[in-house]
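Think of it as A, B and C in the order they're written, each chain with its own count starting at 1.
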Amino acid sequence: MIGARRLDGLVHGLGASVLVLALSALGLLLWDVVHDGVGRVSWAFLTGYPSRRAATAGILPALAGSVWLVVMATAMALPVGVGGAVALEEYGSRGRWARLIEINIANLAGVPSIIYGLLGLGLFVRALRLEHSLVAGAATLALLMLPLVIITTREALRSVPVSLREASLALGATKWQTTWHQVLPDALPRLLTGLILAVSRIVGETAPLIVIGALAYVPFVPDGPWSSFTALPIQIFAWLARPGTGFRENAAAGILVLLVVLLITNSVAIWLRDRSSRRRDA
Amino acid sequence: MTARTRRVVEGLIERTLWACAAVSVLVTVGIVLVLVWEAAAFFGEVSPAAFLGGRTWTPLFYDPQFGVLPLVTGTLLVAVIAMLVAVPAGLLIAVYLSEYASTPVRRFGKPALEVLAGIPTVVYGYFALLFVTPWLRTVIPGLAGLNALGPGLVLGLMILPLVSSLCEDALSAVPRGLREGAFALGATRLQAAVGVVLPAAMSGVSAAVILAMSRAVGETMIVAIAAGQQPRLTANPLVPIETMTAFIVQVSLGDVPRDTTAYRAIFAVGLLLFTGTLGLNLASDWLRRRMPGAVR
Amino acid sequence: MGPQHPGRPGGPHAAESAEVGPKIALRALSVSYGDRRALTTVTLPMQAHRVTALIGPSGCGKSTLLRAINRMNDIIPGTRVEGDILLDGESIHAAGTDVVALRRRVGMVFQKSNPFPKSVFENVAYGLRITGVRDRRDIEERVEESLRAAALWEEVRDRLHAPALTLAGGQQQRLCIARALAVQPEVLLMDEPASALDPMATQRIEELIHGLKRTYTIVIVTHNMQQAARVSDTTAFLWMGQLVEYGRTEDVFTAPRERLTEDYVTGRFG
């Protein structure tokens, strides 16, 4: 019995230490990036253009490219994803088709992102001849985002109380009127939270963009959807691939910018979630 | 609006919504079509037997060889190292959080772990290349600058929150009564966890492990940055290797002309990767459905 | 509508011989959820401008019966209906029946008040807006009218644009009644409308029901024997999905024909 108790304590201690260890590794990673990169972050770096000389290189085209990509990908994935989720959640998910679509979405969410890159390469870049444009990049990321949007929207819709739907339907509202006027507005805060998490996922995506051929020297801010582009994670990767400590510092500084962008989007998501739960309690 | 037009409009809306849902099926169809189409061209030039059975991968040489085994072993090597980190650590953390930890620890620990899952993979690549590997080299003489070990460890860190949160779900799905029954017999928490809870949660835990494996196999940036581009048939974690994903990146970066066998090879490798991860995902899904109290 | 006559005593089939047809007629109605049968071959007429109370222990099928009348059960997957319900002599299950139109004729108030998370005004106006009423003046008039009919106007006239969820429980329930009245239904279904309210609020609802029956045909589900006795003209007692007894409320309560009914209304079980 004593032995069993001692073992119990050991596992308790071990579990706690592993957790501490994992979080320390996270701390170490962040410290490492800050340590390497913070010296390079400056106004000039944020507003500068890529350069062959590490010390004068800036990140503006990558930052602008990421904003373009996220806005365009969201504009493509959001309506389709929300529409699909509404179909499955509100219009019944019992038929054989609905079942097929459900299994399909679950599996899509597990497909490695680089495979989406191959799809984008075959479909958008080559078959549709969109080349290395923002449209091709955004469309690729939109496909990657789609299962995430559908899954989070369905969760948001599921959180809407049935009594709200019943109240509306009992007044003679149609299914769509009920969905549009009551269910979606009620699900909105959770939906936005999930959407922002999906966005933060694609902000950091690198592999699919590389596969569609987006790793190019782009010393300008995109001027439209057909422009070629670079993005934050691609710029980081490009600097990382170059020899010399100067470019490595740039990579670290780029990572800092990327992490700050993610921190901001995630804070907005958390703020939205808290606000909606407070409203519900009221 | 008359009842008739109302019904027509409602029908149109419903059809549009289902069309949106069907787009997700088209994505899958698109993936399969693109991969199979391009891979078919590849297999017109390289026999599937030579591809799947060959031990040499030198697609960019003057006399190219397309034996995919080195890429597969490279992928598995990194993934296994990652699993050796993530599975025991993730399971321990899950047991700790669900059976031992106090509420404040759980409240802080879980979201803090989630942060790990939210960090972009290119950042992990940086960490593996410029921090973990240099540090490992001070401990392990003979470790190459690019190797399987560093990125493997970092990949393990990355999938750790996935393993721990899925395992925790599996553990907490075990009915309370089972645990209390064990406590009533005088079992310690560990005896309850190992003797009663863990076996009951086994299918959920296996599902988590398999899903983590799928994630590790498909991960790209960490290995593309820190594991090297030298396809070799080895189980040695200290030397540069190349994974399937890293090869796709290598070709995408380089100036490999389109419509060459080497270029088409990325689709054949992609098809193999897609099939493998799909198999793992389906297996994981199947196991999760068998969890006690499985919802979906 | 039909002449003032006392609720017909007698069995479930008595009303079929009436010269004026009932407002609502259940014909051998059975409802199942998946494998579970909730209601078994219930035949029951409900007269216009009467309050019909449905009583019985929990799970006896009274809510299922109520929700069958405006086909609210349709939204529960796996529901199967056999038999029929006639509204003004016409089947509500006939091919081509417009469920949306049916629900506009048959309003419903739920057990737990469920106002929309919008203002008091918008709650009542919603039913009008979705039917295409655009004119502001029209909407304002109908909202006031409905709130007056639900005896709520005096209490909320100064806070029409406050969130509905800030109203007290009893006020919220009367708001839900006003909301149902705004679309001018013919029938009002009430599913234990006062079960979550305090005695004062309950009394107000009961008074309201009394006044509303001049305009509407009311079917009310209730757990509360006294309430059924106070508000209804006819009472139907259900037990395990079957109709045990139906008749004038005073008869059902003072001289039940069935032993089961007597045991229930005297509180021996339930």
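Rule of thumb we're sticking to: a residue touches a chain if its C-beta (ideal position, glycine included) is under 8 Å from a C-beta of that chain, and two chains touch if they have at least 3 such contacts.
Source: prediction; values computed, not measured.
J.: Touching both subunit A and subunit C, which chains are there?
T.: B
J.: What chain is most central when centres are computed from CA atoms?
T.: Located nearest the centre of all protein C-alpha atoms is chain A.
J.: From the C-alpha centres, identify the chain that is farthest from subunit A.
T.: C
J.: Looking only at C-beta pairs that count as contacts, which pair of chains has more of them, B-C or A-B?
T.: Between B-C and A-B, the larger count of C-beta pairs in contact belongs to A-B.
J.: With chain centres taken as the means of their Cα atoms, state the distance from subunit A to subunit C in Å.
T.: 49
J.: What's the distance between the Cα centroids of subunit B and subunit C, rounded to whole Å?
T.: 55
J.: Nearest whole angstrom, what separates the Cα centre of subunit A from the Cα centre of subunit B?
T.: 17
J.: Where in subunit B do residues touch at least two different other chains?
T.: Residue numbers touching two or more other chains: 6.
J.: Going by the contact rule already set, what residues in subunit C reach two or more other chains?
T.: 100-101
J.: Got the subunit A residues that touch at least 2 other chains?
T.: 174
J.: Note which residues of subunit B are touching subunit C in the complex, please.
T.: Listed in rising order, the residues of subunit B that touch subunit C are 1, 3, 6-7.
J.: Across the complex, what residues on subunit B touch subunit A?
T.: Interface residues on the subunit B side: 6, 9-10, 13-14, 16-25, 27-28, 30-31, 34-35, 37-38, 89, 92-93, 95-97, 100-101, 105, 109, 112-113, 115-116, 118-127, 129-131, 157, 160, 188-191, 193, 211, 214-215, 217-221, 224-225, 245, 248-249, 252-253, 266-267, 270, 273-274, 277-278, 281-282, 284-285.
J.: For the complex, give me every residue of subunit A touching subunit C.
T.: Those in contact with subunit C are residues 92, 94, 161, 163-174, 177, 181-182, 185-186, 282.
J.: Touching residues of subunit C toward subunit A in the complex: what are they?
T.: It comes out as residues 70, 72, 75, 77, 100-101, 103-104, 107-108, 110, 112, 114-117, 126-127, 130-131, 165, 176, 179-180, 183.
J.: Applying the document's contact rule, which stretches of subunit A touch subunit B when the two form their complex?
T.: Subunit A residues touching subunit B: 4-5, 7-8, 11-12, 14-16, 18-19, 21-23, 25-26, 28-29, 32-33, 36, 79-88, 91, 97-98, 100-101, 103-108, 110-119, 121-123, 143, 146-147, 150, 174-176, 200-201, 203-207, 210-213, 215, 233, 236-237, 240-241, 248, 251-252, 255, 258-259, 262, 266.
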